[in-house]
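Two complexes come next, and they have one chain in common, chain A, joined by chain B in the first and chain C in the second.
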Partner chain A sequence: MSRPAHGLYSWIVQRLSAIYLAVFILYVLEQWIFARATTYEQWKAWLASPVNNIGMGVFIVTLLLHAWIGARDILMDYVHNLGLRLTLFALLILVLLLSGVWALRSLVLVL
Partner chain B sequence: MHQSQDMTTNRRPVNLNLLRFRFPVVAVLSILHRFSGVILLFTGLLTCWLLSISVQSETGFARAVALIGSPPMRWLGIVLVWAFTHHLLAGIRYLLIDLDFGVERRQARISAWIVNLTALLVTGGYVTGVVL
Partner chain C sequence: MKFSIYRYNPETGEKPYMQEYVLRDIDPGMMLLEALMRLKQDDETLSFRRSCREGVCGSDAMNVNGRNMLACITPLASLREPVVIRPLPGRPVIRDLVVDMSDFYRQYRAVKPYLIVNDPEPEVERLQTPEERERLDGLYECILCACCSTACPSFWWNPDRFLGPAALLQAWRFLADSRDQATDERLQALEGPYRMFRCHTIMNCVDVCPKGLNPTRAIGRIKHLMLKRSF
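Then we have the complex of A and B:
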């Protein structure tokens, strides 16, 4: 079997990631409203609990994929100069990877 | 026949006067979905920084809480509440349309109005303190 066409692959990833992001964010909002972390200890304990820590880790990776596909599509629509487009792609990937590593590091630090 | 010439040196008048374009509600929703996504993207690094100082120490946590409650962040918060709500609701609308719900023109227009207005209502609720 051949690999699916690139556009279709992105289309599916964008929708599946959207579902996870929406569900997890609504879960976090629910947690925040009903069990608001007001102290440092509570905040760390919340982040360190396995469900929240893994859920947040998956959230960060999923968010990176979702942001990459979305921003890439916008750049492909509006930036027609190939050199500029590739430069912006590289910058985007750099910023996304940096954010991802930074956020995941915070998650590991609370364990 | 002269395809390449037509693509590059077409002399027909081009009307790009934005004031004369029509913006149907579905187009407004689509543009705002992109715009709100870009806003959320640009706040990523700020969020990473707040997360990082909040887990590092007691004082870092206090600093993050104080920053989130500070006036400039309240203003940014208004923009973020709108961007988040609009992006989420418009995204759910797109997912439903992919599943064949509300594809018909009239329904699609109504749901676009609902998304655009609800995002504004939630933002208004946040500003006046009704929401959150």
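Then we have the complex of A and C:
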């Protein structure tokens, strides 16, 4: 857990990812509110456009990184039993990875 | 004036309890420490630390009505009744309001709170410009009363591995000192997920510091310096 750059690295990734998440969410909200797409087919087309597709892909990866760092921090604060903590870490990684694969898969399918 | 004070004596084996006290002779402008000392005249088993009684030594930090503060510089008039007094949170209690500060001091020692200079000793003093000296304002004034660290949830959960706001303020005090030559070693020692990065900018430290210091800002400055140095 204690690679030389670990603390600083996680900290800066958490902050940079937060900026991207915030900006992208605002972008998607803007697209929703001014509903350029109202039907399922139009939404598929929206997501299939390269900018939105890549943007969403980066969003998913960034979200997973952000969630990992945040949840890891909470477990490090509150769960001190090593066995329990490692189990929870493993579960967390599993859930995050599976959600990531599932989400990225639908991004590719929409193309 | 009514007081409710945490009592615990490990020698009797009795469970900790809150004891009610009433103090009748109160002078205008009286501080909480004076009230405690008058209560102690009637009940000499009541234990607490105190020394300078003017907010300089940092001995009489305690949790009053839910906030950490120095009893000696807290006017009684500013407190709501009954005044609930407990020991500093999260520390093992030795007796009544006296807590074990070992973890706190160990973390303070861990940041090497002294100048590290590799150059040979100069003939005259190590001089600073007024601007260089100014950078230490808001840092050197810390009296190590532990109000901040014991108000910090990150320190409650990991007092053995997280340095805590007081020690981190001192870490920055020496990083910011123009005469110190151990910047890289100091930053290296603060790396890792625990020693500094358990700080989640909760800012309880800033809220309770009786000297008005800002450990959160100091921690932010350390992170900035670390970031600059790593590129």
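One rule holds for everything that comes next: the second predicted complex is superposed on the first by the 106 of 111 C-alpha atoms of A that agree within 3 Å, B and C clash if a C-alpha of one lies under 4 Å from a C-alpha of the other, contacts with A are read in each partner's own complex, and residues count from 1 in each chain.
Keep in mind that, in the parts below, contacts are C-beta pairs under 8 Å (C-beta built on N, C-alpha and C of every residue); 3 or more make two chains touch, one makes a residue touch a chain.
It should be emphasised that the depicted structure is a prediction, and the values quoted were computed from it without experimental measurement.
In the superposed model, A:76 makes contact with chain C only, not with chain B.
Of the two partner chains, chain B is the only one that A:18 touches; chain C does not reach it. Contact with neither chain B nor chain C is seen for A:35 once the two complexes are overlaid on the shared chain.
When the shared chain is aligned, chain B comes close enough to touch A:103, but chain C does not.
For chain A, the partner with contacts to more residues, out of chain B and chain C, is B. In the superposition on chain A, A:7 makes contact with chain C only, while chain B stays out of contact range. Across the complex, chain A is touched by residues 153-154, 157-158, 188, 190-198, 200, 223, 226-227, 230 of chain C. For chain A in complex with chain B, the touching residues are 15, 18-19, 22, 25, 33, 39-40, 43-44, 47, 67, 70-71, 74, 95-96, 98-99, 102-103, 105-106, 109-110.
The part of chain B that touches chain A in the complex is made up of residues 34, 37-38, 40-41, 44-45, 47-49, 51-52, 54-58, 61-62, 88, 91-92, 95, 98, 132. By the touch criterion stated above, chain A contacts chain C in their complex at residues 1-2, 4-8, 10-12, 73, 76-78, 80.
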